[in-house]
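Two complexes are shown next, each including chain A; its partner changes from chain B in the first to chain C in the second.
Now for the complex of A and B:
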């Protein structure tokens, strides 16, 4: 496995996969941060992040997953490389190595954006200390749906030679996930969608916000962590992994 | 010649279900945007305009630019694979025409998507209990959205022509959509190429086009951008070596 991982690293050395992932993460950070510089949001900053960032993640992380998985898997589709690999290593191992490598890149980006969120809070001068326990929950609840979406995209990217299929299905999924955030009335929608788990695992609510006073009298509160659906998500991850690995093993090359 | 090339492009896409994505994608904002409109009816008081915002806000900034990016990368994929550019560039056709044919192919898909988005909008409006759709305004959104979107398409074709990777141009298109949102927020949506589609479709501020000099000026900006990117595409193609 170590050899296969090294092999992945060598194959992607000049393909700028990590650079592309970092560029998308940087675009996300640039897009998020200028908004928090002033007013009541400085007072509410730490909690406001926990309320607002899942929406941003629901757009960016699935798209980053599509790009990374496609970049990693498309190498093998060119020149029938998968066929050559499959006669030297077991297919399951190839699936695992590529998945691990891609997941590592994704989780690195998640941790990076999480760290940048905290660093920016201090730089911007958010009031009070960072609620570290809540931020660790946020990290976990960002990483878990991202991993699930990545496993799904990874399977599609490996099983379909035509990468347009993986892109279109991923984008449509991300679109559905983003919309599910705006429809708290339709809880079933976010719970049944892989991309909706950024919303399911949100644990901070906004109260007393009004159009006239905006954040003046508003406050954020922890509304509870839905651990049952976190467990459901872990099961989904495991199921996606088993099904995806099996699909790849049975794929006609 | 251009028509023949266009026909060739259509032949390359035959039996490819890419159009399905453009058929499915607008249904999502139509269903859930309308649901959101119905839930928030007391806040969203501008009837058809409010419904339009619900339908197009995320579509124009994030998802349609990415879809166009994917489509453009897809129609360039065949040429980018297996040194097929050599075959294309040794055909007795102008290289600018090759670029234009691809631009037209993607523009047609964009136009059909726009018509589909507008049709779904009207149907959703009726289902949501609204009456008297503003037909002329909807037609204007459709036409100017297509025109603005063609600029995005031209850039994406140019990028996909020069970058062999399939995913990278799509990432750029995503970043472009984001930058478009930023420029719109800074009141520069009428001059930034990636903002023009959302601007032409009036996704979130129906008054802005009128303030910035109206539709004629918008059309001129789009045509100038299209001419510039087509010229760059033609020159890039002309300078490319057959190897």
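Now for the complex of A and C:
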């Protein structure tokens, strides 16, 4: 496995996969931060992040998953290399190595954006201390749906030569996932969508916000962590992995 | 003479239609086996089954005396080099970097990279990006990858595709020399009779997924001395001369 991972690293030379991933993460951060510079949002900053960032993540993380998985797998299709790899190593190992490498890039970006969020809070002067325990939950609840989405995208990218399949299913999924956040009355929608789990695992609510006063009297509160859906998500990850790996193993080349 | 490859009733069906039907392939060790057939006869499908790239619908495959199954597949494949359909390479990497990846995966000595680049006459071109190679150079790079571990069995699917006449001749000479120089057994497929005639010692002729003839090239010539090899081939495959 170490050799396969080393080869994954060698293959991505001049493909700028990590640089592209970092650029998308940077774009996400640039989009988020200018909003929190003043007024009530400085008072509410730490909790406001936990309320708002899942929405941003539901847009950017699936997009990043499409880019990373597609860039990593497309090189195999373009160069007809899967045939060559499949006669050299076990197919399951090929699937695993590529998945691990891609997941590592994705999780690096998740942690980076998480760290940047906290750093920005300090720089902007958010009031109070960072609620580190809640931020660790947030990190976990960002990483888990991202991993699930990535496994899904990875399987599509590896099994389908035409990367448009990966792109469109990812974009449609991301759109539906984000859309489900605006429909809190349709909880089933976000719970049945892979991309909806950024919303399902949100644990902070906004109260007393009004159109007139906006955030003046508003406050954020922890509405509870729903661990049962976190466990469901872990099962979904495991199922996606097993199905995806088996699909790749059975693929005729 | 030991059999390097032996298939029994090898069959592949797609949605009920047989691409390969009841094939009993016999490839002897240390020989060049020409696998000849018209386009769409089932050559590539057969070679892919030998390499486990596709699963047979029926039948068995034995390579180097071992029956191929899910457990020993990778172990057997370690001794096989292959070039199927188009050459495989990462276009954004140099020829040498491509071989370096294969060398790492195959766990063979680094020196092999330069040896095989020399064998396929790509030495001096290894630092160029593979995407910038000509079709012939890509084909040679693919062959270099197949030779990298100096395998016991080399499977080449239409290896002269895209080569110019001098490239074809070089490839022919190279293939012919492999059993003598490195003790390899070579299976080489082609739809060109003249090519196989100049390269192979043994020949298998396939048409419509079925083996029509298998034996030495000399025996094929002696089927009917009054006919040319081309006429014999056309008789066997049931094709019109215009094909």
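Just so it is clear, the second predicted complex is superposed on the first by the 253 of 253 C-alpha atoms of A that agree within 3 Å, B and C clash if a C-alpha of one lies under 4 Å from a C-alpha of the other, contacts with A are read in each partner's own complex, and residues count from 1 in each chain.
Definition applied: contacts are C-beta pairs under 8 Å (C-beta built on N, C-alpha and C of every residue); 3 or more make two chains touch, one makes a residue touch a chain.
In this text, all values refer to a predicted model and were calculated from it rather than measured experimentally.
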Can you tell me whether chain B or chain C touches more residues on chain A? B
In the superposed arrangement, does A:10 touch chain B (first), chain C (second), both or neither? second
Quick one: is A:135 in contact with chain B, with chain C, with both, or with neither? Answer first, second, both or neither. neither
First (chain B), second (chain C), both or neither touched by A:81: second
For A:179, decide between first (touching chain B), second (touching chain C), both and neither. first
Which residues would you name on chain A as touching chain B in one complex and chain C in the other? 15, 78
Which positions of chain C touch chain A when the two form their complex? 48, 51-55, 74, 77, 80, 82, 84-93, 97, 100-102, 104-107, 130, 145
Residues of chain B touching chain A in the complex: 18, 20-21, 24-25, 28-29, 32-33, 35-36, 39, 43, 58, 62-63, 66-67, 70, 73-74, 77, 81, 165-168, 170-171, 174-175, 178, 181-182
In the complex, go through chain A and note every residue touching chain B. 15, 20, 23-24, 27, 31, 59, 63, 66-67, 70-71, 74, 78, 163-164, 167-168, 171-172, 174-176, 178-180, 182-183, 185-186, 189, 211
Would you tell me which residues of chain A are touching chain C in their complex? 3-4, 6-7, 10-11, 13-15, 75, 78-81, 83-90, 252-253
